[in-house]
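There are two complexes below, and they share subunit A, which is joined by subunit B in the first and by subunit C in the second.
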Partner chain A sequence: MKAFDYQRADSAQAAAAMAANAQGVRFIAGGTNLLDLMKLEIERPETVIDISRLPLDAIEDTEDGGLRIGALVTNSDLAADARVRRDYEVLARALLSGASGQLRNKATTGGNLLQRTRCFYFYNRAMPCNKREPGSGCAALEGRNRIHAILGGSEHCIATHPSDMAVAMMALGASVEIQSPDGKTKTLALSELYRLPGDTPHLETELEQGDLITGVVLPAPVGGRQIYRKVRDRASYAFALVSVAAVIGLEDGKIGSAQLAFGGLAPMPWRNSDLEDALIGQTPSPELWGRAADILLADAKGHGENDFKIALARRTLAHVLDAACGGEK
Partner chain B sequence: MDVNFKMDKPVERSLLDTTNQNIISRPLDRIEGPLKVSGRAKYSAEFKLPNMAHGVLVGAAIGKGRVKEIDVKSVEALPGVLMVVTDTEKFLRNPAQGMDTEAPKQGVTSIDYFGQPIALVVAETFEAARNAANALSVTYEDAEGRFDFDARIDTAKPKKDSEKNQGDVDDAMRSAHANVDAKWTTPSQSSAAMEPHASLAHWEGQKLVLYGSYQMLSSNRLQLADAMGLDPEDVRILAHYVGGGFGAKLGIGPESVAAAVAAKDLGRPVRVVMTRQQVFEATVRRSNTVQHLQLAADAEGRLTGVSHETITGNLEGEDFSEPASAATQFLYSGANRRFGNEIVLMDQVLAGSMRAPGEAVGMLALEGAMDELAELLDVDPVELRKRNIPERHPTSDLPFSSRSLAECLEIGARDFGWSKRKSAPASTLEGEWWIGHGMATAARSNMLIKSSARVTLQPDGRALVETDMTDIGTGTYTILAQIAAELLGLPIDAVDIHLGDTNFPPASGSGGSFGAASAGTSVYLACEKLRQTIAEKLGGEVEDLVLSDGMARMGNTSEPLSELIAEPLEATATVEPGETGKAFVQAGFGAHFAEVAVHAHTGEVRVRRMEGTFAAGRILNEKTAISQCFGGMVFGIGTALTEDMMHDHRYGHIVNRDLAEYHLPVNADVPQLKVKFLEERDHAANPLLAKGIGELGISGAGAAIANAIYNACGVRVRDYPITLDKLIDHLPDPKGL
Partner chain C sequence: MHLTLTVNGTEHALDLDPRTSLLDMLRDHLDLTGSKKGCDHGQCGACTVLLNGRRINSCLSLAVMHEGDEITTIEGLGEEGKLSPLQAAFVAHDGYQCGYCTPGQICSATAMLGEVEAGWPSHVSDNLEDQPQLTDAEISERMSGNLCRCSAYPNIVDAISEVGGGRK
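Take a look at the complex of A and B:
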């Protein structure tokens, strides 16, 4: 681990201001991902700003019936919150499918959104990786890419985003509250927070220097059936090969509302409005699930070892939609 | 008082069957358990010596070539850095193989695998050393590496003396009523012990003292002495507690020599703890294998031919090749037989022994092939195995020392409810899950290795056992205490066990499932000698001596041991293998039964229950023995479903080199496990009449799961691990049921 300066912020504004003017700054809260990366020197911050004592650990009702989740709410607390369990079941289930009990006790909402990829090559400093070292190349494209993206990747990077929580939040239409260094706050839809890799895979979000995520806002619950289905290589403590977050409402035997997001497939939690539009107003049927998968996977591209994810995503989507529309859960 | 005993003829009567203390075999808790759960059991990396410095190894960042330059100046100025050791003369290219008596390859200027240790950075703190190790500037000259096993498989060369031929397998295959002829593949695996390899070296004058996390101290001492150019008498190794080994700590690793060299140069104790990534990259793996199985059977389901040929990889200069046919050679009958191993030279981390080398992966293939044969013959898989239990060894014609295989199969099947199994695949759908049942035989060779121990009866009535035997989490402390307490008539808490120090008599070490029987026998023999001495003191025959509750009784005389003994009474005993090792086939046997669920849509596999029925001679402690079997069965789950050490074919490195991405089974993957032992005594094995158990539980376990997967969903996967991607394209349509 490279030696670093440690600073403690006493307000979100101060934290953002401190980060605005320093080089190589990282905020630290739970540290469950950052510390590992620092030990491996994949992250080598000059300065670490400790935000863990900021008063950002509340879960509050919003005026329009939604929920505001402080950035420092731990994954465990969020999953256990009565309102989350009642109204946003998909989020509680996604949280509990991630990491381990010990990690969830430390990991925070803001940090979870910003965790880095688990690409094997990103994790090995001797390997080319455009995300870790821009311009060095992507070793995963023609390498061991069983866990890599089939959607949204580029010829520069096919790493996936590892979060489960963010997938559920994406399906729920969450937005992110941000404290800027200039003292202002702004709000971004979660779908606008992340960037696709393109030719700059090292730039993962639209956050600007000094921006600090202070909370996540969930819109009022939409009802319907909520499912988070995570498919992985072992029963627990593994990242998703494919995950599906679904919030589906039925009206008179037809699909009235459909919000779907996918993990394990892309460099960011993946949502496709065409797919949702194609479901709404339709009668559930295996054929409809097939058409939905066709839309989702129209641009899917396998890279060898991850080819199976295309079939797996198709199968998992059908099985989740079936369960959400009254089949077995 | 020294005793030397050679196991030349079967032992008719074991003292353990006559002493009636009710200590041996009982499921006692580990005596060192409280120390471990309260953090007081000190592992090698937990020792702190005055003025200790910290070393971090630097591994090669290329897979083949040589180091052009290590720019020591690039880190010398970093805070806390003390020195950079680049001693190519002494550095080990790779760890020693188990039981080697010499150092592994040294003086290597080439880089033969990715991560090969090339330098040690030593600093005042671990953090500073790790930072400097990351910062060390090294320039390399790349060379073409041999990284792609499949592409190189045609270059495989026979392993010396591995070929065995009997009769004509090809002819048997041609004339068979039914035959199986297929290839199985298994990936590289890592032992992934919880405790990483660690060494703390310091010098007392010309003598080297090393706290090292190793399994076999007496041979480790010879390896380290040879590596450092020292007399073995001048090397002391300590390993009081070892946090798992599974073969990866059989031989000394590169961190030991690096620590010793640095400690000498610096004149300070130096501790080197490998990172998790280095444990994967620079210790030892189980080689990937390609196994060609051929089974030929007649119309009655009797085997007429058995062939098991294996191809593995290893580094140049290393001739270890996973002996996958080890159990195949004696388990089933068949007049025509063929076995052999071939090695492909690879520029990849050392391949060596990992838990049950041979059987662990060999039985995945053999027992899979037996399952396929049973289906072809329309014979129940249990019945097919029973029908092919040979009278004597099919090649050597030697008798088996003890073998309760048929009983294990029968009782295991009964307990599991095997008769309720539907033999047609894809017959049972529960919700979204296909349910299936599978079984496999367990078999693992039994060995006895030379081992010594000293037992001292103290005037205060306590006994002290000293040996350089290790306890790698298996329960050695406890079973040695049980043997001594049983034979000396003492409560177990009146026995002190001192292990893991080469100052004590040299033991077998922990490996090959021989530790309990070998070290245990040495303690048995020393106690036997002490009993004789006590009998003499009482003026009678040892046959009439009763030791119980700290009292010695002879006829009508009864005296407390503490009064009988004025001076410490000491006996050192050594056991050596002898003629019974050659005159009998010795192995533990058992039967695995598994129930799995395969998700009809996603292909996820969950093991729902797993039962093992084993017979391994006398069970020395039912609790630690069951734990050993549990551990083996969990290994079997990992082998069948998740574990795959992935090599990169272009760069040569191990891609998934941490516990997040190298998928060992976690709690949620492990269902209710059941283990049952059948009563058995093996008189040819050792005076304890016990056989090894540490590796029996893994042997065959994965195959039972694979066979259950086939029974569940009708997909036969011969390429381990059976991950869902290998199933989803072939899953049956649940609506067809």
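Take a look at the complex of A and C:
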């Protein structure tokens, strides 16, 4: 690990201000992703700002019946929160499907959103990777790409975003609260936090230098049937190949509301409003699931080893929709 | 960098390079070599310790982030002739072969039983709001962060189940 200057921040404003001017600066929260990457010298910050003791660890009710989750709330505490278990089951389920008991005790809400890809070549400094070394090429396009994206990638990068939590938050329509170094705060829809790779895969979010995530806000619960289905290579302690987060409301036997997001398929948690519109007002049927999958996967592109994800996404979506509309879970 | 923290009930004042992981601090600076380094990347659980009562991977944490914290390692759970219930159960059920993963397994299980008692659900819990039952499936899921290369899993589950009152 490269040597770095370790600093502690004593307020969110101070943390953002400290990060505004420093060279190669990183915040550290749980450290479970940053330290992993620093040990491999994929991340080489000159300054590490410890934000782990900031008072951003509360889960509070918002005025309009939603929930504000502090950026430092651990994945364990969030999954165990009574309101999350009752009203946002999809989120609790996504959290509980991720990592391990030990990791969830350290992993924070902010750090989870900003965790980096698990692309093998991003982790291997001997190989070309545009995300790690802009302009060096992408070894995954013609390489081992079983875990890579079928949607939203580019000829420069096909890495997926690995988070489960973010997929559920995307389905729930979450937004992200941010402290800027100039003392101002701003709010971004989670759907606007991430950037697609295009020709700049090293730029992953819309955050600017020094921006600190202070919390995530969930809108008031919409009820309905909530499901998080994660398909992976082993039953526990593995990242998603495909995951589907669904919040589905039924009215008189028809689909009244549909919020869906997908993990493992794209560089960011993936949501498609055309797919949701196509479901609303319709009677559940296998044909409808097929049409929904056609919309989701219209632009899907396999790269060899990950071709199977196209069929897997189709089946997982059908399974989840069926379960949400009354079938087996 | 200066650091004061409590390990197994004893306060320590240390001067550390900020790069030192909590695991390396325990092993190399305090000679507490019970916590093991398997992968050093959060993937195996051999380094599991209790941080203020909660289980974490000590390899993925910087020591300097633990000013004032209380750490418990396998050495702090029991001692020769006075084993903790889980330590004794691992012996009685032969919950290991080479023993390398065992300190991590026992620290992890110690905190895990507390999580169940506190009502935390898991990925395999049918209902998120009911008090979870300590079935074998629940034990396996909740302990999935602790790998055992010798695959002593059946006996590990037996040992934990006995202490947690799983199969009444």
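The rule is simple: the second predicted complex is superposed on the first by the 329 of 329 C-alpha atoms of A that agree within 3 Å, B and C clash if a C-alpha of one lies under 4 Å from a C-alpha of the other, contacts with A are read in each partner's own complex, and residues count from 1 in each chain.
Basically, a residue touches a chain if its C-beta (ideal position, glycine included) is under 8 Å from a C-beta of that chain, and two chains touch if they have at least 3 such contacts.
The structure displayed is predicted, hence computed values, not measured ones.
S.K.: With the two structures laid over each other on chain A, which partner does A:S76 touch: subunit B (first), subunit C (second), both, or neither?
M.R.: Touch partner of A:S76: subunit C, not subunit B.
S.K.: Which holds for A:L296: it touches subunit B only (first), subunit C only (second), both, or neither?
M.R.: In the superposed model, A:L296 contacts neither subunit B nor subunit C.
S.K.: According to the stated criteria, A:Y237 is in contact with first (subunit B), second (subunit C), both, or neither; which is it?
M.R.: Touch status of A:Y237: both partners.
S.K.: Regarding the shared-chain residue A:I28, is it in contact with subunit B (first), subunit C (second), both, or neither?
M.R.: second
S.K.: Contact-wise, after the overlay, does A:M1 reach subunit B, subunit C, both or neither (first, second, both, neither)?
M.R.: Both partners, subunit B and subunit C.
S.K.: Based on the superposed arrangement, let me know which partner A:N124 touches: subunit B (first), subunit C (second), both, or neither?
M.R.: first
S.K.: Give me the intersection of subunit A's contacts with subunit B and its contacts with subunit C, in residue numbers.
M.R.: On subunit A, the overlap between the subunit B and subunit C contacts is residues 1, 3, 39, 235-237.
S.K.: Show me the residue ranges of subunit A that touch subunit C in the complex, using the header's touch definition.
M.R.: 1, 3-6, 28, 30-32, 35-36, 39, 48, 50, 52, 76, 79-80, 82, 85-86, 89, 92-93, 96-97, 99-103, 105-106, 235-237
S.K.: Quick one: which bits of subunit B touch subunit A in the complex? Just the residue numbers, please.
M.R.: Interface residues on the subunit B side: 61-62, 79, 114, 127, 130-131, 134, 277, 431-432, 601-604, 606, 641-642, 646, 648, 650-651, 653, 655-658, 660-661, 663, 665-669, 723-725, 728-729.
S.K.: Give every residue of subunit A touching subunit B within the complex, in rising order.
M.R.: 1-3, 39-41, 118, 120-121, 123-127, 139, 142-144, 146-147, 231, 233-239, 241, 308, 311-312, 315-316, 318-319, 328
S.K.: Taking the touch rule as given, give the residues of subunit C at its contact with subunit A in the complex, in rising order.
M.R.: 1, 17-19, 21, 40-42, 45, 48, 51, 54-57, 60-62, 64-65, 108, 111-112, 115, 118-123, 125, 128-129, 140-146
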